[in-house]
Structures are given as C-alpha cells and as structure tokens.
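Just so it is clear, A, B, C and D label the chains in written order, and each chain counts residues from 1 on its own.
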Amino acid sequence: MSIIETTVIVFGTTGIACGALLAIASRVFAIKEDPRIGKVCELLPGANCGGCGYAGCADYAKAIIMNDAPINLCTVGGAETVKKLSTFLGKTAEAAERKVAIVLCRGDEANAPKNSIYNGIVDCSAANLVSGGNKKCRYGCLGYGSCARVCPTGAIEIKDGIAVVHPELCIGCGACVKVCPRKIIKLIPASRKLHVFCSSLDKGPAVKKVCKVGCIGCSLCSKLAPDNAIVMSGALAVVDYSKNIDDEKATILEQKCPGKCIRKT
Amino acid sequence: MNGSDNRSVQTEEPIFIISSSPHIHSGSSITGIMADVILAMIPAFLTSLWFFRWNALRLVLVCVISCVLSEFIARKIMRRNNTIQDLSAVVTGILLAFNLPPDLPSWMAALGSFFAIVIAKQLFGGIGYNPFNPALIGRVFLLISFPVQMTTWSRWTIPTPLTGTDAVTTATPLGLVKTSLSASGNIPFVFDTTTAWNFFIGIKNGCIGEVSALAIIIGGIYLLYRKCICWHIPLSFLGTIYLFTLILYKTDPSSNMPPLFHILTGGAMLGAWFMATDMVTSPVTKKGMIVFGCGCGLLTVIIRKWGGYPEGVSFAILLMNAITPLINRFTRPRVFGHYKGKRIEL
Amino acid sequence: MKTYFLLIVSAALVNNFVLTRFLGICPFLGVSKSVKTASGMGGAVIFVITCASAVTWLFQHYILDTLGLGFLQTIVFILVIATFVQFVEIVLKKMSPALHGALGIYLPLITTNCCVLAVAVLNIKENYNFLQSITFGFGASSGFAIALLIFTGLREKIDRSNPPDAMKGTSIALITAGLLSMAFMGFAGLVKM
Amino acid sequence: MSWKMHKENMNSTRIIKPVKKIPGSVHPPYKKELARNAPIKNVSSMEAHFHISMSQHLGAPAKPIVKKGDTVLRGQKIGEASGFISANVHSPVTGKVIDINEEQTLSGAYASSIIVEASDSEKWGVLMPELDWESASPQQIITRVADGGITGMGGAGFPTHVKLSPPKEKAIDTVIINGAECEPYLTADFRLMLEEPENIKNGALIIRKTLNAKRVIIAIEDNKPEAIRVMEEALKNCDENVFIAVLPTAYPHGAEKQLIYALTGREVPSGGLPMDVGALVENVGTAAAIFNAVAKGIPLVERIVTVTGEAVAIPLNLRVKIGTSFAALLNVCGGTKSKSTKLIAGGPMMGITQTSINSSYTTKTTSGLLLLPDNMISTYSSDPCISCGRCVEACPMHLMPCELSILLEAEDITGAEALNVLDCIECGCCAYSCPSHRPLVQHMRAGKAAIMLKRKQQKNTEKK
C-alpha cells in the first residue's frame, strides 16, 4: 500500500467516524426550534432598545412567531422593517408612524426656581425620592439626566437644567418615558410641531408662583385651536396629537399663549 | 392663600440642603486614612534612615515626588479632577520606596513610581478602581525589568551598634539561604536568639523599609488602634507563614529555616501590615480577609521554598489581589433573616 | 505520583497557558464577563482538552506512528478536537440552554482555541506517556480555567471601574491581563522539570 | 447621676439583659444632652392654622369626611381610614375647615390635607367614652385603637390596630415596648418615660391583654439610667412577666428586627413580620397613646416632639398638636441661634430633610425637628468606593452596601436584587461610616424603588 493510500484511508475513516458520532449525538440531543425566529431576528434592526415592549430584538422575533405579535411595533426600523417582515411572513400591517419623545417642560433654571440645594446621586429617580425633589414645581423636569443616560442614541441633552430631546436623533424607543420619575416625557408622532410645554396640573395662581413658563389654565388656546386640537384637562392644556394644526394657526397660538408655554419645534 | 394667613407664624426662610439620610457622618475620609498610614510608616522610615542614611531619604523622596507628579499629570491628561490631595499617591510612593534595595538608581525608582501610579492605578480610573496594589506592581515591574539591580544589596555603611559584631553579608538572609541550599544543601548560618533579635530590630540586609520588624509592628499597632486595618489580614498572613514553615522545619530541619526566621526576614512584616492590608485590593469581609491572609502566607512560603525567587511576598500579595473579587463573592455574609426553616418554634 | 503532581502544578501555574505562554487569549477575553459563564467555559475546556489529549495520544501512537504518517498530525488533531467541541456544544445546548446562550460564539471557538492543539502537540513533542499526557492535559486546562476564573473576577471589578475613554473595554482588560501575568511570574522556577 | 443606683437595680429580677448582640451597628455622638433635661412643654395655641395631612401613616391615606366651611371640634374624626392598612385622623383643635388641599407630606409625596382655622385648641370637643380596659374584650380594645387613629409613633407609622389583630395562626408571646430611642439628638421618648411611666405601663399591659401574650419587655438603652429607674418604679406592682431590658448603647438598637433579635434571639425572616417570630414591637409613645385612647377615650391628636440641633436656640421637648407648622415649634424654642443648613423631620440617622420650615407640619410620626448647622451635616460625593469594608462591618442586616452601591450605580437592578437589597432597613449605618462619603442609603432606596417598579410592571404585563 502506498503512503498516499494509507493517508487517504486513515484520514477518510477518521472523518467518517467523527461525522457518525456527531450525527448520532445531534439526533439524541435534538432540540426543536422554529427556524423562522432566527430569520425574523435578522430582519429586525438589532438595536435591542426594547421600544417594542419586548426584551430586545430576539425576544420580539420569538413573540412574532410564537405569539403572533403585531409586526409593526419596531419604531427603529419603521416602515422598512414592516415591509421586510410582511414579505417574509406574508402578514400585512400598516407601518406605524415614526414617533419621537418630547419633554413637556420648559421650566429651566431661569424660569422655574429650585426650593433647596440637592446633595446626592445625580439621577432623577433618586433625587425624586429625597423630599420629592428640589424643584418648586412638583411636575417640572428635575434635570438630573436619567433620561439622557438611558437614551441609546444620545438624543437627549440637559440644557440649563432641563432635558431637551433632539427629534432628529430620537428613535422613539420610549426608554426615557419609562425612566422619568415625573412622567413628563411623551411619545408623539414626529410630524406634529406644536406643543404645550407644561405638565403641571396645578391651578393658575399656584403655577405662577413656581414657574414663569407654566400653563396657567386660561383655556385661551383650546378656544383658538381648530377642531378641538387642544383640550383642557383640568387646569392644563393638552394637545390632541391625532389632529393636525397648520403652521399659520400654530404661530398664532404660540404668540397668544399668556403663559408662554405653547411653542413650536 | 387668603388674608387671615398673616396670623400664622412666618419665619424667614433659609435655603436648606436636602439629601438622603443619614444626615450626620463619622468624619472618616480617604485623606484621613491615608494620613494615618503615612504616620504609621514613620517608625519604619526612621529606622531606614538610621540604617541606610542618605539612600533611604533619596529613594523615599524620589518615589514620593514621582508618584505625586505622575498622578497629577495623569489626571490632567485624563481631564479628571485632581486627586493628589487624598495622599494616596504619597502612600504608594513611600511603600514603593520601602520595597526597593538601597542602591537602586534614582531613575529606576522614578520609573517604577510612574508605572505604579499610571499603569496600575490611573488607567483604571484612580483610587478605588485599581485591582492590584500599585506599589507592589511598581516593585514587581522593576524586579522583572532590572533583576540585577533589584537584588543587589550593599553593605551597611554604619557599624552595628547593638551587636558590635559585623554580621554583614552581601545578600539578604533569604537570598543567602536560597543560594546556599541550592549550591551545597547547607544552611549558611546559625539562626539563634541573637540573630533573631538582630533581625527583629533591623540588623540585616534588605529593602529599605522592611529591615526592622519592630518599627513595622509599631506602625501596625498604630493602624490597628486607628482602625485603619483590622487584625485579620496581618495575623492570618503571618500565622500561616509560621505554621507552614513550622511543619516544614519539623519534617526536615536540615534544609529548612525555623518559622521565626521566615517571619522576621524579607518583606513578610511589611507585606502583612502595610501591603496586604491595602483596603482597595483586599477583601471587605472579615472571613474574606482571613482567606486572603492565609492565601498570602501560603503562596509566600511556596515561592520562598520552591520558587525561583528568594522572596515571594510581593508575588503572593499580587496573586491574592487578583483573587480578591472572587473571595468577596464567595464570603458574603448570610443576610439577617435569611435562614432555612422559615418558622421559629416558640 | 510526585511526577504527576509536579506535572499538574507546572502546567497549571508555572507555565500557565494563558498568562505565561499567551495561548487561548480569545476565549480568555471573550468569556470573562461573568463568573457563571466563565466556570462553564472552564469546565468545557477542561473536558475537551483532557479528552483530546487522550484521543490524540492514542491516535498518534497507534495509528500515525505505526503507519508512519507523522505528517498528518496537525490536521488529524484538528479534526478530532473539532468533533469533540461539536459534541460538547450539542450536549450543552440540550442540557443547559442558558449556559449555551451565554457562551455563544466562544463555545465553537474552543475548536480554534490554540490551547487545545498546543496541549495535544506538546504531549507528543515532550514524549509524555499516555497517563502523563492526560495529566498534562488536565493540568494545562485547569490552568486555563483558573486563569479564566481569576480574570473574570477581576473583570467584574474593572468593568465597573472608571478608565479614560480610550482605555475602556478590551484595552483595560488586556492591561489587567498583563498585570496578572506579572503576578504569575512569581511562580517562575517553582518546578524544575 | 443615677448611674450607681441603676447598677444596684441590676440585681432586681425585673431588669434583664439582651440575649444576643446585634450584628453591625455604629456609635454616633448621641447629643442627647441638648434636650434631655428639658421637661415636656405644652405648646400654647399661638398657631392659627393647622394643616392636618391625611397621610400620616403607612398605607392608604385617610379620606376627608368634612367639607370646606364645616366646623370641627377638638377630637372629632375628620379623616376616615380608607383601606385595611389605613388609620383615622382627628382634629386636634376646635375650629373651621378653611380648605382641603393637596400638600406635600414630610416624606415628599403629595396627599390631601385639611386646613383648620382654630378657635379653641385646649378644650376637648368630643371624646370617646371611657372604657375599663381590664374588663374589656380584645375586640373592643382593637376597635377603640382603630377609632382613636393610633399609629406607630416611632417613625414608620404602621396602623396599630392592624398590628394588634394578627391572624390566628400567628400567636404572639412577647410584647416589646421600644424605649431604646437609639436615634441621636432625640429625647422625646426619654422624657415620656420619665414623665408618664404609668401611661406607658398601662398601654403595654393593654397590648399584652389584647394579644394574650405572655410577657412584656420594655427595652431601654443604658444611656438613659433615669428612665430605667423611673420605669422600674412604675412597674413595681406588675406581675413577674413584665421586664425592663437594658440594652448597650448602639445604633440601631431600636430597629424592629434588631430589637427582637437582641431581646429574644429570634430572627425575623426576610420579608416577614415580627409576628412571624411571635413578637410585637410598639414604641413607648404608641403604648401611651393606646392607653389614652382605650382608657380615657382620647384620640391621637398630639405627640411629643424634640426640637433640637446645634442651630436651635433653646432645644426643648414639646407636646405638639398634629398639624402645627415647624415654624411655630421653632418659635417656641427661641428660633435659631446660628445658620442652619439642614431641616430634618425625625432623627439625624433616618429623618427626612424638608425644604421649607413654613410649609412642613407635624404628624403623628414626627419624633423630632432637627436643625443642623453646616459643620454637623454629612456631605455626599460621588467618589469611588475604596472597599474598606466599614459599611459591611456596620450593616446590622449583614448586607454588603459597598457591593450593592456599585451594582446600583451601574444600574444593575437584577444583580442588586440577588444580593438582597430589599432587606435593607435604611438605618444609615453604612453611609455614616463610609470614608468616601458615598450616598449609600440613597443608592439602596433608589434600588429598592426600581425593583418595586420592575415587579409592578412585570405584574401588569402578566395580567395583559
């Protein structure tokens, strides 16, 4: 037998033996898994932001296949991902409109004073646990940047003691909404440009005492706005984001607001 | 609010500080602890001045200045707040100097200081984050880089006032024993009470800070008194060395030194009281500290007895530093109220 | 008996594969994020290396040497090791999906973990007998596991430390590994083989 | 002064020693000398407006049952308990309700508050009928305690009637009356023990009778020898199952779980209640309040408050009507003598900082009003942990605060949960002893809040 033949035989036998061993093993220890899950996971953007309500993209992919979850929950991928998923799965769904976060408070250092000096962890939730935070307004942004820290894209900036969202960077994952202890961050359709930058439920005189740019509940805007696009919720004007306000009207509203809290972005 | 409000008492409102409880503090601080450690090192420093004169002063000054300077510059470059006022760099400098032979060139000492502060401490973020004792990293770095200079020991420049006899050698007792044992299998000198006493007060060769066990113990007791350290690490460290070497000595006295010799020579004392007790790199629980001390002692003897280096304290402590996170993890105390059998019979 | 003990000490500590021979750095850095996965990886590596030393030794001595096929050593060893790793992966996936998920890509990478091949080749090169080979394999892989576990403990600390931005992540991990290997130099000369 | 006498009394069978040493603990400067010799002083009615919060206790806030403009009498119920764990609230004065508003409570949360303009603050308007407690049934007593709006007066404010009605399977054999007062500065409980030992004794006996427990232990730290002496004197005629336990002075001996452990050697299981180990702990103030409510029919509308601190001109112990503003209390004490930088409701270890002296009002749980100057307060920093282990040594729950705070700083909630952050009692021993001045307690508090939020969200998603 030549050396070449021996080589081939030895090597071939070894290979076959190893292969057989693995084949048996994979049969004995087989696990069933829907192969589509992995595929769906690949189609998702992989930001793992949790904006869909599931713990990361893999979890969402599993939910789509196993629990028939809607395929338009991903805010990062937007319309494109929905299209890809619907071609792959044969399901149809309308792409959700792109949403962005907005901080409904403009009470910065100059406009909304603090009532004491805070000494402790630089974190809004932690600060809010200490005597309810040190802003005079109990609804105002504390400005310790918890939202900015959880933002996966760095879209939130702390400016003059309040958080400001840069909508062009925001992917609408909602992480900041969950973390804000004062619940003043909202997810809104990206196309809407007029906002009431105040979340205070207090009555006018009380608001005036703690903030120069708070909503005083005069309800002027709700009368001026077309189609009930701004409604009063107690002493607070709230924009109904399902309705559109044209730019001209928006400018009027912005100028007329006596509390100076209606602004365009 | 209405008009009748005037009747209630209104006091001039100062701006208060709000914070989480507790609102009072024991007053301890990092700077305070470091200052205590520096104070505790003064006896050892004075004895080193006595034995090594100018060299001791030179090394301590070079190490302290270059440590502080390295820290200052590193913080500047990293754009972090300045931390030299917490005195930890001074402590590292003194400890590193204590671990150097008296004749080491100044530039080497400065290089070691730089390595200790920048690589072993500041790159991790400064005090509290370093996994290894910076001074020991500096020493081991020098030992590996300059093995000859780091193991060359000068003769004393002063007569030995306490014995009168000139018991001078050119190596440390540990080195002498090691070379003699591997060359001829004999122990080179008799370790009797006089030698033990000499070793105890500091008449022997060695690094500048480690020669006098007495001075180190005085410093250590001060640290114990100030509660900067607790007894667990030094005692278990030295105790393990003692027990282990006692067993070795009892099994074969002809090739092993008595346990007291091992405790009084080399860096055992300095290591046990000042290096292993470094808060940042040692465990936080008492149980963990004992494990840590025993580990240090065990590794020290193993390296001294079987290893290539005559002295193993630095390596032993560094190795145990590496295991410290694991020790912390496995020596967590049982939390109050967590026990098996939920109901207590009345 | 003493030889075997010294062999283990030598392979595990003095000539530690990771910290003094600098082999297997990829899983060393990759799987050292949490103690749980590290111990899983350590166990897997011990199993694979010990078994692989046995099998490759037998292969070398009874097949390759008898047939004069010494030149096939590398490729056959790789084949055997790969099979073992695949086997471990299949079993692990079934038995402990959590650990499998945590080990991730690093599990198949044991195949390319140079430690495994190094042990197999060193066994032959150093002319160890069968038992010595297994002992050496066990010692070396334990050394890997020990280094990995120690490093993981450190990693959990340094991951929460505060290095300058340029040093974050792998850079500071590598510096730590370097310092650790400095500490391991203390074992130099411990065993004179 | 009476130390010697106290030593002699150690021979008496009534005085017992703790059976266990509590884990951890610290020894802060006690500063009790500031107010310890000031007898309890009644605050005369210089206050016009009383802001009576509906959330002075743990659990659901009470529901206001009066309207704006109503006239209320001193002792009249104005807030109705609104859940299983809740308590009634009574008016401390006779007067007119001028407003019902949402106001910030001492803890920083918001709850409705009834504002009463006082016309007469001394004469009782309505009282519950007197009850002979020795012949009354346990149910009668519990009802009376609930009607009287009694809550724990040590700090947490747990509604007492809930504590007094444990489920049948949890028998209670030991009633512990907590007079340890381990919080520095405070002397309210100490003065109460000196001046009203009979009320405390009777309150303790009422609790024992209600629960059908075997023994009563009144726990007092050994830095209050006078109180020990007076209490012993008061207990002269009691049976042999009433004891005084003399505790070594250490903080936090007055913490419920630690106190039970020290006195009985029983560990309250994690997440459990004292009744799980057959014990019940009530503050001395609560015991006195129980006696007042049951035997005399007086609801809980007053309490003793120590107004103290280095910044207070004349530190005093005051008997204060709930709803009195802190500014009024400070006025009685002659105002401040130096600049104060922290205003604290409660003691310095566990009290809560307040933002304003004019809009903070006394509640049933306000044991102290503390004004501290700049040089006394702790200042927190974000310096790194140097793992000195002092917090581990100090923690009375055997937690590892250093590790927990590092985990929580990295927002590793799961990791902190696994290390039992929920067992933290927020006593403050860790932060007190931390050389890095890390805000350890705040880390724990934030971590606990985050875990509770996470659990709530999980529950909600499960429901979906």
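The rule is simple: contacts are C-beta pairs under 8 Å (C-beta built on N, C-alpha and C of every residue); 3 or more make two chains touch, one makes a residue touch a chain.
These figures come from a predicted structure and were not determined experimentally.
Taking each chain's centre as the mean of its CA atoms, D is the chain most distant from subunit C.
Sorting all chain pairs by how many C-beta pairs they have in contact places B-D at the top. In this assembly, the C-alpha centroid of subunit A lies 51 Å from the C-alpha centroid of subunit B.
A straight line joining the Cα centres of subunit B and subunit C is 33 Å long. Subunit C and subunit D have Cα centroids separated by 59 Å. A straight line joining the Cα centres of subunit A and subunit C is 44 Å long.
Shared interface positions of subunit B, i.e. residues touching 2 or more other chains, are given as 16-20, 125-126, 129.
Under the contact definition stated at the top, the residues of subunit D that touch 2 or more other chains are 352-356, 379-380, 384, 439, 442, 445. In subunit A, the residues that touch at least two other chains are 115-116, 119-120, 126, 129-131, 134. Chain contact topology: the protein chains form a complete graph, every chain touching every other one. Every residue of subunit B that touches subunit C in the complex is listed here, in rising order: 78, 80, 119-120, 123-126, 129, 131-132, 137, 140-141, 144, 299, 302-303, 306-309, 312, 314-316, 318-319, 321-326, 329. Taken together, the subunit B residues at the contact with subunit A in this complex read 15-20. Residue ranges on subunit C touching subunit B, taken from their complex, read 35, 149-151, 153-154, 156-158, 161-164, 167, 172, 175-176, 179-180, 182-191. Residues of subunit A that touch subunit D in their complex: 115-116, 119-123, 125-126, 128-134, 138. Every residue of subunit D that touches subunit C in the complex is listed here, in rising order: 384, 406-407, 409-410.
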